[in-house]
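Each of the next two complexes has chain A plus one more chain, namely chain B in the first and chain C in the second.
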Partner chain A sequence: MATPVRIRRQLSVSPWLFAAPGLLVTGAFVLYPFVSTLVNSFTDRRTLLPGHFVGLANFRELLHDDMFWTGLRNSTLYILGVVPALVVLPLLLALLVQKNIPGITFFRSAFYTPVVASIVVVGLIWVWLLDERGLVNSLLETAGIGRTGFLSDQWLLLLSAMAVTVWKGLGYYMIIYLAALANVPRELHEAAAVDGAGPVRRFLSVTVPAVRSTMVLVAALSSVAAFKVFSEVYLMAGPTGGPAGEDTTLVMLVQRTGTGLTGRVGYASALSVVVFVVTVALMLLVLRADRRDES
Partner chain B sequence: MPKPRRALAAAVVALVLPLSACGSGGDGGGSTDASGKVEGDITFQTWNLRANFKPYFDGLIADFEKKYPGTRVKWVDQPAEGYPDKLSADAGGGTLPDVVNVSPDLVAPLAKAGLVLDLDKAAGKYRSEYLDGAWASHQVPGMSGTYAFPWYLNTGPLFYNKALFTKAGLNPGRPPKTYDELFADALQMAKKSGGQVATLANVPTFEDFGRYGVTLMNRQGTAFAFNDTKGVELLTRYKELYDAKALDPQALTATPESSGKKFLTGAVAMNPGSALDLDNFKKNAPSLYRNIGITDQITSTGHVNMYVMGVMVNSRTKHTPAAVAFAHFVTDAQNQMSFAKKVAIFPSTAGSLNDPYFTKEDGTDETRVRIAAAKSLKNAVNYTPVLFSDQMKTALRNEVAKALQGKESPKQALDNAVNAADRLLQQG
Partner chain C sequence: MRREPHVTDEHGRRIRVGELVWRYLLLLAVLALTVGPFLWQLSTSLKGPTEDIYSSPPSFLPAHPTLHNYTRVADTIPVWDYALNSLKVATANVVTNCVGSALAGYALARLRFRGRRGTTLVFVLAMLVPVEGIVIAQFTTMRELGLNNTLIGVVLPGAIGAMNVLLMRNAFRNLPYEIEEAAYVDGADVWQRFLRIALPSVKGTVAVVAIFAFMGAWDDFLWPLIVLSDPSKFTLTIGLNYLHGTFANDERLVAAGTVIAVAPLIALFACLQRYFFRGIGEGAVKG
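Up next, the complex of A and B:
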C-alpha cells in the first residue's frame, strides 16, 4: 500500500511525466535552436567550418550592410501594407458571411480555400496571373491601359506580394472574427436600431467595440507574420529578392546568407536575433497599446 | 540541488551545448588508403537522376556488385532543387554518403572542411584515363590535390526562333556569331517588334563575362578582376539592350526555367540550351520546333563554356577501397560512354569524344547538336571558378541589375561586385 509520502511524491512527478513529451519536443526544436542561434550570432561560424567567438562583430557588420537595411525596410513596409488590411477586410468579410442565408456555406468555404491551399501553389498561380504576358496584363492591355511590370518593378512587386498575403490571409482571420461576432449580444444591435442607428453607426458603435480585443489579436498575429514574410516574396521576386535584391525581406536575407555549403551561419544568426527582437517588440507594442486603450 | 540552482544548471547546459559546435569537428574518418580489398556496404548519391535513368543506374550498380562480390551499393537520389542545402545538412550532421555526385563549386567547401578524399593520393593511378582539363576541374585553389573523379561534361548550343528572326527582317539562316552581331540583331528585333519580343532573357552571368574575354580572376586566383575594361564594356552593351527592351524586362529576376518558358512561348528569340531541350520543344511547342534554329554559343575567346560534373568520395567513409573503386567505376570510359548514349552528355575520359557517336552525322538535329557540342568541348573552358560561391553569384547579379536599371554606372556596379566577392573570398 502506498504511503502518504509516496503518494505525494507520485503526485509531484506525474504532471512532469505528462508534460515530458511536450517539453522534450519544445527543448529540442525550439529552445535548443534558439540558444544555438544566439550563441552562433557571436561567432564567425560557416556551414561546414567551425567558428570562433567574434563578439559583436556580426551585429556591427549588419549595421553597415545595405542589404540588411533593405530587408528591414521591406519587412517594415510589409507590416504597414498588410496589417491594416488584415485587421479590417476579414471583419467586413465576416459580417457578410455571418448571415444565415441559403448558399452562404459555399461562400464561407470559398473565402477559406486560399488558407488551406499551399503557399507554393498560391505563389505560382499569382506569378502566372501577374506575368508580363499573364492574364492581368492581357486584361489591362485590352482595356487600353497597357502592360505593367508587376513582377519586374521593385515597388509593384512588393505590393503584389502584399496583395497575395492579404488574399491568402483573409479567410483565416475571417474565421476568427466569425467566432468573435457570434458572441456579440444581438440585443445590443436591436437596442441601437431602436435608437435609430443605421448599419454604419451600428458597426462602429456596437460591432467594433465588441470585437476590439479580437482586432488586437489579429493585429498582433498578422504583424508578426508580416515581419517574418518569406514565401510570397521569394516565390514572386525569385531567389535574388527582386531586381537587384531590392525586394529582399529580413527572413529571405537570413535564408540567403546562412544556407548552402558556403553559408555564413554566424552572420545569419545575428540577423535572426534581430528578427526575434523586433517581433517580440512588436508584440509588446500591440499588447501595450491594447492595455492603454482598455484603461 | 535547490530549484534555482537546477534551473541555472539547465540554462548553462543549454548555452554550452551549442558552443560545442564551435570547436573543430571530430575526425571519425575512415582510411585514405584505397589499396585494400574492395568490400562493404556503401551509399551512392546522385543529383536528380533517378526519374529518367533508374534502369541505367540499377544496371551499373548490379555490374559493380558482380565485379566485386562482398560489396553492396545503396543508391539515393536527391532532387535538383536545394541540392547544396541537402549536402550541407548531411555534411554538418555527419551523414554524407560515401560516394557523392557533385559539381566543382560544391566540392570546394566540402574539401576545405576536410570531408573529401584527395584522389591524387588515393587514386592517382587513374588520372591518365581522363582528359587533363576535366581532372583539373575538381582542384581547389589554395589546396593541393584533386577532389572528385570527373564525370560527364556538358555544353550547349544557342537556340533561336527562326520565325521571329524573319519577322524582324533578320536572315534566319544567318544567326549572330559574334557579340557585335548579337547586340545589333537584338536591337533590331526589339525595334521591329515595338519592344514586344526580346532577344535574350537573362542578365549576363559570370560565364558570359568569361566568354566575352573578361579577365575573371588574378593570376594567383586570390582576387576577382572582372571589373576590367572589357567587363564594363559588356555590361554597358547589356544596358543598351535592356533600355531598348531587347533584353526581357523580367530578366532581372529570371531563372533558367523562367527564361526557358519565355523562349517556349515565343516571347524571347534566343536561349541557351542543350540537346535535351529538343525533346521538350517537340512535345511542348511543336510550332517552335518547326522553326527552331541551332547555333554555337557566342564567344570572343574561341572557347565555349563547359559544365563539369564529378563524383567525390567522402573522406570519412568506412570502406575507402570500395568507395574509390565505385566512384572510378561510375566514371570509367565504358560506363561514361554508355551513359552518354542514354542522355545528351559527354564523357570526360580521354579519347571518348573521338568515338563515331560524337563525330558521324546521320542527318538528325539531335546528332547535329551532339557533334557540334562534342567538337566545341575539345577546347571548352569551365569559366566559373570553383571558389565562386552562391553568395558571390547573388552579389554579382544584384550589381548587374543595378547597372541595367541605371541606379549605378556599369563600372561602379562591377567594382562593387568585385569588392563583395573578394570580401567573401577572404572570409573563406
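Up next, the complex of A and C:
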C-alpha cells in the first residue's frame, strides 16, 4: 500500500540509487585519483612507500630534468606536426565522401577502419611497414630512391609516429566533418557558383567559414590528444623512447617513472600535473580563439 | 569505373561523368592508403617460412598461402587465453557502461532531487579529466584495493564512463514527458517507468554506448599495460606488445597476432557501422 511516507521515501532515495553506481565509479576511479595526483605531486611517495610532504621539490627537480624537457619538447612538437594535418585532411576527405554516389557507404566505412583497429595493431603494422627491410623501403628502393631508416633516426621516427597518428585519426575527424557539412546550406554554394566562383574559391569562401567552429573543435580535440601521445611512440620507439630516449613523450615519462615496484609516484604525479595544466590551457586557448573570432 | 548514366547526388542533381571518374580515382587512392596496410599485414601473416618477405620489389600475394603462422603464434604465446581475457574485459565494460550510465543518465534527466546539479557537474568534470594524467594515481588506488594485476582492475576505471552518462542523459531528456506521465498516473513507480517506458525508447543510444564500450576496452593499451604484470592475465593488446618485444625478428608471427586481434573488431564494426556513424555524428553535434 502506498502510504505517503513510502512515496516520499521513494522520491528522495531512488534518484540516488539510480546515480549511485555511476557516482561511485567516477568518484573512486576518476575524481579521487585526480585529487590524489595533485596531493602526491607535493610528496616523495613511491609505489611501496608512503610519502612525505616535500613542497615544490618535485617541480624544482623537473626544471633540471633533461628527460622532462625532452618529453615536453616532443609532446609539443607532436601538436605542431599533427594538428594542422588533422584539421585539414579529414575535411578534404569528408568532401570526397560527402556525395552519395554508388558504393560511397563502403568507402566511408573502409576509411574508418584505422580508427576501429587497436593502436597496438596499428603501431605494429607501421613498425613492419617502415622497417629497414619493410614495404615502404622496398617500394622506395624499387623507385630508385633508396632505403631510409625511418625508425632509427630520432627525428624521422618522431615524424613517422606523427604520420601514424594522422593516419589513424583521419576517419574519426572525417565523420565529425561530415556531420558539420550536412548543415551547410546548399544555397550558399549555388549563390557562389552563380557569382562565378570555382571549386577552390567556393571551398575557401563558403565551406570553410561554414564549418569553422567544427575546425576549432577538431583543433581542440586533436591538440589535446596529440599532447598526451603515448602508444604510437611507445610502440615505434620502444619503451625507452628510441635512440638515447630522445623520442620519449611526456606521458611515456609518466608511465616509466610512476609504475613498477620502485615507481616514483610523487615525481610522476608532478609530471602528470604538467600534463593537466597544458591540456586545460590548450582547451581554453583554442576555445577562446573561437569566441574572439565570432565576436 | 561503373557507367551510371543517371548518378545523382543527395539533392537529386546529376553528377557529370568526368567528375565521377576523378572522385572514384581519389576514393580508390585513399582506400589503398587506409586499408592497404591491413592487407599487407594479412598477406605477411599468410607467407610461409621459405618465402622471402623482404623482397624488392615486394610481392603482395603470398606464393603458397599457409595458416602455419597462426598455429605458431598460439605455440609462442597463449594468444587464445589473451583473446578470452580481452573478451571478458570488453563484455564486462559493455554491461557496466550500459546499465550504469542508463541509470545515472535517467536520474539526471528525469528525476528531481536535491543535488542533481551537483551530480551532473561531477560527471562533466570527470569527463574533462585526462586519463593519461591520472593513471599513476589509479594504479595506486587499485593497489590499495588489492586489485592490481586482476582483470577486475582493468575493467573498473572505465566501468561507467562519464561521457556515456551524459550521452544517456541527453537521450532521456529528448523524450517527451507525456508518455511517462501517463504511466505515472496509472501508478507505475519510478523503476517501472524507467525499465518499461524510458529505456526502450533510447535503445539507439544504448547501442552506441555498448559499441564504444566494447571497442574502447578491446583496444585499450596504456591502462592494462600499467595494471597487469602477470603474463597469464594479459589482454590481447598487451600480449601483442609482448609478442612484438620478444619475437620482433619474426614478422610473420607478429603479423598473425595482429590479424587475430583486429579481425573480430573489423567484423563487429562491419555489422554495426550504421549505429556507429550515427553515434559519432550525434556525439560531435552535441559536443
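Quick note on the criterion: the second predicted complex is superposed on the first by the 274 of 295 C-alpha atoms of A that agree within 3 Å, B and C clash if a C-alpha of one lies under 4 Å from a C-alpha of the other, contacts with A are read in each partner's own complex, and residues count from 1 in each chain.
Here is the rule we use: a residue touches a chain if its C-beta (ideal position, glycine included) is under 8 Å from a C-beta of that chain, and two chains touch if they have at least 3 such contacts.
Quick caveat, the model's predicted, so the values are computed rather than measured.
Colleague: Check the residue A:207 against both partner chains and state whether it touches chain B (first), chain C (second), both, or neither.
Modeller: In the superposition, A:207 contacts neither chain B nor chain C.
Colleague: Could you say whether A:75 touches chain B, chain C, both of them, or neither, answering first, second, both or neither?
Modeller: neither
Colleague: May I ask you to decide whether A:165 touches chain B, chain C, both, or neither, giving the answer as first, second, both or neither?
Modeller: Neither: A:165 stays clear of chain B and chain C.
Colleague: Between chain B and chain C, whom does A:108 touch in the aligned arrangement: first, second, both, or neither?
Modeller: second
Colleague: Return the chain, chain B or chain C, that is in touch with more residues of chain A.
Modeller: When the residues of chain A touched by each partner are counted, C comes out ahead.
Colleague: Scan A:52 for contacts with chain B and chain C and give back first, second, both or neither.
Modeller: In the superposition, A:52 contacts chain B only.
Colleague: Once the shared chain is lined up, is A:222 touching chain B (first), chain C (second), both, or neither of them?
Modeller: The answer is neither, since A:222 touches no partner chain.
Colleague: Once the structures are superposed on A, label A:43 by its partner contacts, choosing first (chain B), second (chain C), both or neither.
Modeller: first
Colleague: Does chain B (first) or chain C (second) touch A:28, or do both, or does neither?
Modeller: After superposing on A, A:28 lies in contact with chain C but is clear of chain B.
Colleague: Report, in rising order, the residues of chain A that make contact with chain B in one complex and with chain C in the other.
Modeller: In chain A, residues 31-32, 36, 40, 45, 47, 131, 133, 259, 263 are touched by chain B and also by chain C.
Colleague: For chain A, which residues count as touching chain B in their complex?
Modeller: Touching chain B: residues 31-32, 35-36, 39-40, 43-53, 131-133, 149, 151-152, 157, 237-240, 242-245, 256-257, 259-264 of chain A.
Colleague: Looking at the complex, which residues from chain C come into contact with chain A?
Modeller: Listed in rising order, the residues are 2, 4, 7, 9-11, 15, 20, 23-24, 26-27, 30-31, 33-35, 37-38, 40-41, 44, 54-58, 96, 99-101, 103-104, 106-108, 111-114, 116, 119, 122-123, 125-126, 128-130, 132-141, 143, 156-157, 159-160, 162, 165, 187, 189-191, 194, 215, 218-219, 221-222, 225-226, 236-237, 240-241, 244, 251, 254-255, 257-258, 261-262, 265-266, 269-270, 273, 276-277, 280-281, 284-285, 287.
Colleague: Of all residues in chain A, which touch chain C in the complex?
Modeller: Counting only chain A, the residues touching chain C are 2, 10-12, 14-16, 18-19, 21-23, 25-34, 36-37, 40, 45, 47, 93, 96-97, 99-102, 104, 107-114, 116-121, 124-129, 131, 133-135, 138-139, 141-142, 167, 170-172, 175-176, 178-180, 186, 214, 217, 224, 228, 230-231, 235, 251, 254-255, 258-259, 263, 265, 268-269, 272-273, 275-276, 279-280.
Colleague: Please output the residues of chain B touching chain A within their complex, sorted ascending.
Modeller: Residue positions touching the partner: 14-15, 17-19, 21-25, 84-85, 87-88, 91-92, 106, 109-110, 112-113, 115, 248-250, 252-255, 258, 265, 267, 389-391, 394, 397-399, 401-402, 405, 407, 424, 427-428.
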